[in-house]
Every structure is written in structure tokens, then in C-alpha cells.
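Going in written order, the chains are labelled A, B, C and D, and every chain counts its residues from 1.
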Amino acid sequence: MASSEKRKVTAEDIENLIEIFKQSSWDEMHLEADGLEIFLSNDPTATTPRTPAAAVPSAAMTNSAVANVVVPAAASVAASSTTLSHAAGGAGAPIPDGQVAIRAPNLGTFYRAPKPGAPTYIEVGQQIEVTTEVCLIEVMKLFTPVQSGLRGIVREIRARDGQMVEFDAVLIIIEPN
Amino acid sequence: MASSEKRKVTAEDIENLIEIFKQSSWDEMHLEADGLEIFLSNDPTATTPRTPAAAVPSAAMTNSAVANVVVPAAASVAASSTTLSHAAGGAGAPIPDGQVAIRAPNLGTFYRAPKPGAPTYIEVGQQIEVTTEVCLIEVMKLFTPVQSGLRGIVREIRARDGQMVEFDAVLIIIEPN
Amino acid sequence: MPISRVLSVNRGEIAARVVRAAHALGIETVQAVSMADRESRAAQLADRTVVIGPAASRLSYLDANLLVHTALQTGCDALHPGYGFLSEREHLARLCDEHGIIFIGPAAETIAALGDKLKAKAIARAAGVPLVPGTERIATVNDAVKAGEELGYPVLIKASAGGGGRGMFIARGPDDIVASFDKASNEAMEAFGDGTMYMERYVENARHVEVQVFGDGSGKVLHFGERDCSIQRRYQKVFEEAPCAAMPPALRRQLHESAVNLVASLKYRNAGTVEFLYDIDRQAIYFIEVNARIQVEHPVSEQVTGYDLVQLQFQIAGGEPLRWTQDQIPVTRHAIECRLNAEDPYRNFKPSPGRITRWVPPQGAGIRLDSHCYADYLVPPFYDSMIGKLIVTAASREECVRRLQVALEKFVVEGLTTNLPLLKFIATHPDFAANQLNTRWLEQILLPAFEATQE
Amino acid sequence: MPISRVLSVNRGEIAARVVRAAHALGIETVQAVSMADRESRAAQLADRTVVIGPAASRLSYLDANLLVHTALQTGCDALHPGYGFLSEREHLARLCDEHGIIFIGPAAETIAALGDKLKAKAIARAAGVPLVPGTERIATVNDAVKAGEELGYPVLIKASAGGGGRGMFIARGPDDIVASFDKASNEAMEAFGDGTMYMERYVENARHVEVQVFGDGSGKVLHFGERDCSIQRRYQKVFEEAPCAAMPPALRRQLHESAVNLVASLKYRNAGTVEFLYDIDRQAIYFIEVNARIQVEHPVSEQVTGYDLVQLQFQIAGGEPLRWTQDQIPVTRHAIECRLNAEDPYRNFKPSPGRITRWVPPQGAGIRLDSHCYADYLVPPFYDSMIGKLIVTAASREECVRRLQVALEKFVVEGLTTNLPLLKFIATHPDFAANQLNTRWLEQILLPAFEATQE
């Protein structure tokens, strides 16, 4: 799960890269991996990489089976989020430096507790482990618990109990430790 | 009719100025006359004249009762003309330096001779006087002869016999003398 | 014979609307423009643009000879006059007829008849359409009191020979007549040498209601519901809506029947609007006039019926019949239009032409904008100040008002002054939400309140 | 009950089309998008956008549970499926029904019945709709010759138990049957252990013709004319037009009646298309299948009839009846659509997604563009390659072809490779102008000629 691990580039990775690039203020992005070369540019006339040495930003991009954990490369990237008027409930605010978002693995209704009246999975300030269950996402009466995916302290719970969250929406902010 | 003559600024003058400005590559135009101040800018944020000393370009703008004679301030202005796809038949080409266009005083059908089979009013190379009739413009069977409005040699006949010309279209090019 | 190429001889939003409607039907377009409108939206959209004259309307849009000459020389078989300018001039329609150009509008003689106020009233009367009730000459106080009973108070008593208000008074009951009739008659005698009086109903509390009609020239006429245009400033409509929610169904039926009967009696062709005064206190309608053209406010009727009236103009003019029956034109929704003008509502509505630097119209469910404007467009100072029509549609009037409020709030126009603050003020006024208003409401209630917000 | 808020669950041009149609009717819109479509046109237009999943369709547009969950959570009372994806899945329609969401399309059981090829054919047969004529089992050469006379040559003789072409042959006359029947029957016996044969008409020279129908669920069905979609590559339509100019009126009447009878027998609800093979040599039509959704090529039918079929989908789904009679839907014009794809026609139609740097669509009389693209739009690599549909309308086919040529010539797209050169080549080919083509023309005649221009 560490960014230093060598693994195959997937279509999802490319999609994520395009995403990050679109949300960034960078003019060009150039990446070589697995014999694959990717060049993204905001300059329509650009055809060859002008900065072949520029590497992928030091973002630990991982797609865990449990939740999408994205460490922002820079606050500006995380802050830009989506520009759609009604998009991504609660995903608008920037993620503080050194903290990490647990994002919705799929669209669904967000629940803080396993059932009505039961204690919540987590509270702000709580120390959690990689396998700690942090919330429940429901789609058409199918309830799926979401695991943290990383160790740290809960700093913020962004999603609201009983409300729909979109795919990739920021649910919870963790300060890793 | 000379540009040095002092006369009142009319709505038509302002219209012409806006026109010239739109067709030019200038960023701003500032003019004071008759106690009236006109400031045109392509910068939406501009609110006060930044170049109060800039005068109206040295264009001899006159609107004769007979025909609109416009001496282009610079080739670029005359050349830009209208950008509409089908506009102003024959008005597209630039007017050579030192030459002057006789323009259509109104929309209508352009005739080079007073009646079918009669000799043409003028030919290229011919010397004409201010009152020389140069063509006929017809609107719904009402035929109006057009006088030259200036002295010179006919250099080009741009409008085609029997074809509709739009208002202000270039009809004939004269080299004044 | 279907139209294949049309000359559009108007400007602003309606020219763009006409060109788009023609293109949707596969009809080629030539747009006639003045020098000031060469970069207009209609010019950009049209297949061809012809500069017909200088900015001054008199030398361009108001010169029928230029227009017809242009139509003939550019191979057009039809001419669309839009509204305003020459759209209701018999002369232009006749000139088109004489030169084999289809005038997209009523027959020249229909325009002429309806343009004459007296003739129009006679046509209405003959078709059984209600006019403001009144009397013939009245000689004595007793006759006046008797007539007052019949008409119902209040009544307006005027000098037959009169004008300028002399010898005129309002009577709210027989006592007023007894008190003032002889004095007024004497006043008239002194002023005009004739003391004869007459009387008509005085409508204090009225709405302006009009019916959108269409005829195909065969005598068949269909209506597309009514519009309530009571929010006016100096007889200029500011808001228009459909239907007239304040009108009870029975009266609405009479309204529609009156409008249809009137124009059917003329074998009316193409689009028209029959205007009525709706007397709220007496629950009665009185004919005002017929507008023999498409109107500014036609979109609200399109929104509530689902028909494209400008396309229909082209189809009827091209010889197609009215294919439908009246029950196929149900009014199922509510729509409100408001007119966005380049004018300063805080400075006596002074026109404010200039370059639009930012233009962010609202969008979303039920929001339609009919406009020729865009960011960087120069609104020329030579013509009327309307720069767009915002039309909002919803299932109910209540929902429609709410949507209108949101839409106006989202509308951003920069670079020139507009009446947007006034439109917002109207849209959020409780009287407007409650639909408690009449033709005087804007000037008497709303504008003073609006101006008070500036102090 | 009229729809008040709809979830649009498709993408690309049809999502934008659906959102616009809803807005025109005052219906609020929520657009479901994948991560890759967050900046899409539909997302920009909709009142609200919801990211339902990652780019992969399986985890977004193809997950019925996600879609219905989203509809419920965002307060939608209806769901518009567009075309492709889940638009013809009984499961989605049923899930909507179960949760009180109006599925804008046919009833779930109709979708199920028509989705089963054998059931669909049985329904067609019961409704008197012609199928490709064929026989039951044939035992002997003599029976085969007799059947061949009845069906008319050429005929296709197949093994009943067969597949993969074994035991199959084409007979152009009785001699071919005599020469090959026993051999083929033996072949089938060897391959499948069963030598039984059957026979059907072989259609060499065919057009693909389809009828646009609409039902309101009461049994009332109207058609909106037919479309000719014969220009196909690998069963993908490239050009579609209306009407099928090559079809004689009597056959067209049979076509329309067959289509209407078929869907009326199902009390069909909402939009559908009945597809037929048009046997040019025998001047006959044979039922293929029913597409129980709005189709890509619906705009040509809109253009020739003047009805907005997507708005009509919303109205029918909202409970309105089909208000018209068939004679109120005349086909008065000709329209041609061609599909602009981000693909390289010179490299075996390899998809070419990427960022559009320049996008200058043609405009003018009779030109319509249904597209979600704009300058600076990134065409994502995850979905199909269609980036727009150019639809051209005119009074005649001849004029329509001319306009199409001009429109394609004016169309500028830069930043990615498109099939525009191929579209231009088709539009200017003499066979296309002469309307001399069949379903094999594109692959057999046109593409080799097109490729030859590259050498």
C-alpha cells in the first residue's frame, strides 16, 4: 500500500492521474512507468513533453479494497475538489496538511452506527487502527461496513449520519500516526 | 466637407466612431468635442481614460449628402471590414493607400449606366469632378443617381452592374487629385 | 407552398428567435440589419446578413421599400416582420403581396381593419364580443340616473364633444350624478358649445388579459390560452404570465370564445392577440384591441401549451392548415415572463446601453431565456432597451414564482445597468406571490415601495 | 401525475438531451455521473449532479441499485434511462416500479417480452406482422423444390439442428436444390446426428427500415414515420434518414400498420422502434425486433414530424394521453443524421479519445447538432466513441443531401481524430445521392473506395 511499492499501472490509476491533473493548476504532467508514457498538458499545441524529467508528484495514491485513501500532494489539489454546484456533499473544504481523507468507496447512505440507537463506530479524537470499522454505507438496504485502511486519530467526521454520500466523497479526516 | 471644419457631433458620428473602433486593433479611444467626452475601451475593467491626450485618428470622416466618402486612417482599419460571412458585397478587399472609396448611400441595386444599352457613367482611368454622376442605385424602381463627391481618377469599380449592394458597401475607388 | 427562404426584418431577441425557428424547419434565413446590428446574434445565426441602412431605424428597419427590395434581391419568398417596427403596417403587408413575397402575418386588409380603433370595435360588437358598456347621448339628470342604475356604479360621465377631461366626472352613485350632472353639462357647453353627455362603466380595478389566437385563413381559429399582463409601467408590460390564475373558469371560457369569435369573423390568418380589460369588481371582460402580430410575451403561451408559435407562424404562412382541435391545446402548466431591460430603475428608467462584460444567465428546470445578448455584446443606443426575456415554467403558479425568484437571483449581468433589481423586487413582493394586483399596482404600490428601498 | 424531478442515468449527448427536454417542461433534473463525467455537458446543465461511481460503467451506469438508490435519496419521482446501458433491462424497470419511481419507458413485462427474440417473433406473428417466410421441417428434395417455388428464390436451406453454417446452402433455383439438398442433409446428419432441413427466404438486397412508435399504455399507438438506417458498419448505424425515400407508398402503409398493430397488441407505453428488413428485390418487409427505448436516431423523426419525442416521453410517463390522431403527424420533410465519432477511419476505426481543442459546428437552415461536446472538453476513453449527431433537414432528399455536404464541410473539430472524413466521403458519394444502396453498401462498396483514397 506504500507508494514505493512497484506495481502495474491500471486504467484506474490513469483515470486518477487525469483527475488529479484536472484539479491541479499544473500546465503539464509527464509520467513514465511500466514502459508506459503518459503526457498531459493544458496547452492544446503541446505535442512533446517539455519537462521529461518531471516526475509524478509525491502523492501516495492507493486504492485500497476498503476505502480510497488519498494523501493530497498539496492543499491546492485537495481544495479544488469538484466544481459542480451541488456535487460531493461535504467534500468542498480542504483537507488540512498532514491529514488524510477516508473517502466513500461507493455512493450510498452514510451511517455512523451499525443500527439505530447503537453506539457510533468512532468519535472525533479517537485512535483507530487499519482494520477499525468507521462507518456503514447502505445501497438499497445492503449495508457495507467501511474499514479505516490506516492508523491514526479521527480529526473530523465530514459526512452526515443518514445522508447520501457520493462516490469518492470525503467521509472522515484522519491524522495518521 | 473638410475635416478641419468645426461642426456639431451627431449620433451618426458617434456610431461611426464606435464602428471604426470596433474594426480597429486599438485598445482604447478617447475623444473630446463639443463638450462631449467619448471613451471606448476593450478592457471591461477600464473606467477612466488612461490616455486623455490621445486624439481622434487623422481620418477625414465626412458624411456627404451624396455619398459616404471615407479616407481610411490606416489600411488595417479598412481591411478588417465586416466579419460576417456574406456581408457587404465587394467591400472585403482593402482600399489602397492614398485612394478613397465611394460607398453606397443606401442599399439598392447598382447600375453603371442610366438605362440598359446606354453608355456607362464612368470607366476606370477616367478623370471625374465632385459633381460627376458615377452610378445609379435603385430601390423598388426608384432610381437615384450618385454623385462622386470628390475630384480624382477612377481606379476601380468594385460593385457589379445589376447586383444588390448593401448600405455603406464600397462601390468605386477614386484616387483624389 | 412551403417557405424556403425568409427575410427576417426585425432585430434583437425576436430576430434571433425567428432565425432559429426558421432553421429548425429547414428554412433558409437572410437577416436584414442596420449598421449597428451587424454583430448581433441574429446576424451570427442567419445564413446570410444584409446591411440595409444606417443605425437610424427610419433609414433601415422602418423603410418598407428597402426591406422588400432586399427580399426580392436575395431570393427570399417570405418576410417575417417580428413585432414593433413595421409589423402591423398594412403598407408592408401589401407591398409584399404585390411582389409575390409571403408576409408572415395577417392579410393586409385585416391589419388595416384592426388598426382602426373604431372599425375594430365595430367588428368586435358584430361578433358578439363584450365592449365597455356605455350609453348613447344623455340629455337629463333623470336619464343619467336611470342609465347609471343599468350600467352599475361607478360610471364615467363625459361630454360627447369633449376631450381633456372637461365636463367629465366619476359617479359612485345616483347622488353624485344629481350633484354634478348639470354643472358638468354646463361646463361642456361653455367649452365646446355642446352640453350633450354620455356615460360608460368606470373600471377602477382591472387586469390586462389577452388571448393568443391563431387562424389559418380558412375561418378556422384556435386559441392558446390567455395571458395576464397586468404588471405595466406606462402601458409597457414588465411581467406577463399564463394562465390568468385570478380568473374563474366560466369567465375564462367567455374570454376565449370572445377572442376566437372575433378573429374567426375575419377569417384571420396567422398569429394574433385579442386584448381585454378584466373588470375584477364586476367580474366582466371588455374588448380593447387586436394585435395583429406575434407578441413579445408569446413564450409564456408556448410554455403552458407546448406549441412553438413562431414555427407555427412559418407553417401557416407556408399554407399548412391548423391541424388540431381545441381540446388538443390544454393549458397544463404555469409560466411567467419578465423583461430584462438595459435601463436604470433608480434613475427614472433612463436607458443604459453599453457593452455587456459579463453575462451569466440562470439555467435549470423550467428556465428559458430568449435573448440576443452575450458577454462582450454592445447594446446599441439606437433602439429599445430590452435585452432579454426570462421565462420560468412550473406545474403551479406558486412553484413558478419560487423558481422565478431563484432564477433572478442567479442572473448576472455586468457592464451596464439593468432593471434586474426591480424584477427581483417584484418577484419577491407579497402582493405578487398572492396574485393580488391590478394594472395600477406597479405604479401605485410597487414602485413607491421600490424607491423607498433606496433611501 | 406529472413528473416533478427526474434522475438522468445516462451520459453523453442523450443525457444532455434528456436534461434539456426535462427543463423545457419545467421538470427538475438530477444527473447521475461517473467520476469521468463530472465536467460533462449534462452535469453542467442539470439542477444537481451526483457522482455515482468510478469511470468504469459496471460500477456506475450499469449498477441498477446505485441508480435507484440515488433516485430515492435525491427525491426524484422518475428515472430516464436514455439508450444503451440499462435502458432495456427489465430489472431496472422493475426496481423502479417496486420503489415508486416512474421508469420512463415501457412496462417491465413489455421489456422482458420484447427482449426475448422468440417471444417477440410470436407476438409479431400473432399481430399479423410479416416475418421472413420460411418452412417447417423439410424431409425430401421434392418437398424442398415445392417449398422453394412457394417462397420464391433465392432461398436459404439450413439444418434444423444446425449452426455455424454446416449443412447450409443458398439455392437460386430448383436446380440448386436438386444438386445440393441431399449433400447438405447428409452433412447435417454427420455433424449433428439429425439430417432434417428447413428453408427460409434469403434476402440479399435489403434495407434496414424501422418505425418510430409511441403508445400511452391504453392501447392507443401512433407512429412518427419510418427511418432508413441501411448505412451500417458491423451492425452499427452510421447514417440514418427519414423517410425511407426508396419505399413505395403502399409498402410504407403496410410497414406503419404492422408496427402499430404489433405494439398496440401489447398496450405499449412510451417510445419504441419496430425494426424491419426491407427486401428490395421482392418489395416485402420482415419483422426483426422491437427496441423498447428512445433511439440514437430519434432526431430525424422529430425533424420530419415536428414533434419533440423526448418531451413526449416525459409527458406519457407523467400520465398524459396521446392527444393526437395519426393524420396530425404528417411527414412533410426529409432529414438525415450522421454520427460523428472519435475514431480513426483510416486505422480500422480505432477509438481516439482526448481533449477537443477546437469545436466549430456548422449552423444554418435545417442544421441541428445533438452533442455534449465543446471546445476544451475531454472525451473520456471509457465509453463509446460517439461525440455528436449532425442532423440536417430540408424539403426534399436532394436538398437535404446538398445541405449535409455543406454542413460537414464547415464542421471543424481539432484535438482528436474523428470519422469526419468518412462522413464527408459518404455524403458526397454518387450512390448516396442516388439513394442506390443497401445494408451491405457501406462495407462492400464505400469503405474499399474510401480506403483507396488513402493510397
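The definition used in the following text is that a contact is a pair of C-beta atoms (placed from the backbone, for glycine too) under 8 Å apart; a residue touches a chain by one contact, two chains touch by 3 or more.
A quick note: this is a predicted structure, and the numbers were derived from the prediction, not measured.
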item: Between subunit A and subunit B, the fewest steps along chains that touch one another; value: 3
item: Cα superposition angle of subunit C on its copy subunit D, in degrees to the nearest 5; value: 180
item: Chain centre separation in whole Å, for subunit D relative to subunit A (CA means); value: 40
item: Cα-centroid distance, subunit B relative to subunit D, in whole angstrom; value: 57
item: Between subunit C and subunit D, centroid-to-centroid distance (C-alpha), Å; value: 45
item: Subunit B residues counted as touching two or more neighbouring chains; value: none
item: Overlap residues in subunit D, where contacts from two or more other chains coincide; value: 47
item: Overall pattern in which the protein chains touch one another (line/ring/star/complete/other); value: line
item: Every chain pair in contact, whichever chains are involved; value: A-D, B-C, C-D
item: Subunit A residues touching subunit D - in the complex, by the definition given at the top; value: 11-12, 15, 18-19, 22, 44, 82-88, 106-109, 139-140, 142, 164, 166-169
item: Subunit C contact footprint on subunit D (complex, rising order); value: 2, 4-5, 22-29, 45, 47, 303, 306, 311, 320, 323-324, 327-328, 330, 332-333, 363-368, 393-395, 403
item: Subunit D residues within the subunit A interface of the complex; value: 35-36, 38-39, 43-44, 47-56, 59-60, 65-66, 68-70, 73-74, 355, 357-358, 378, 382, 414-415
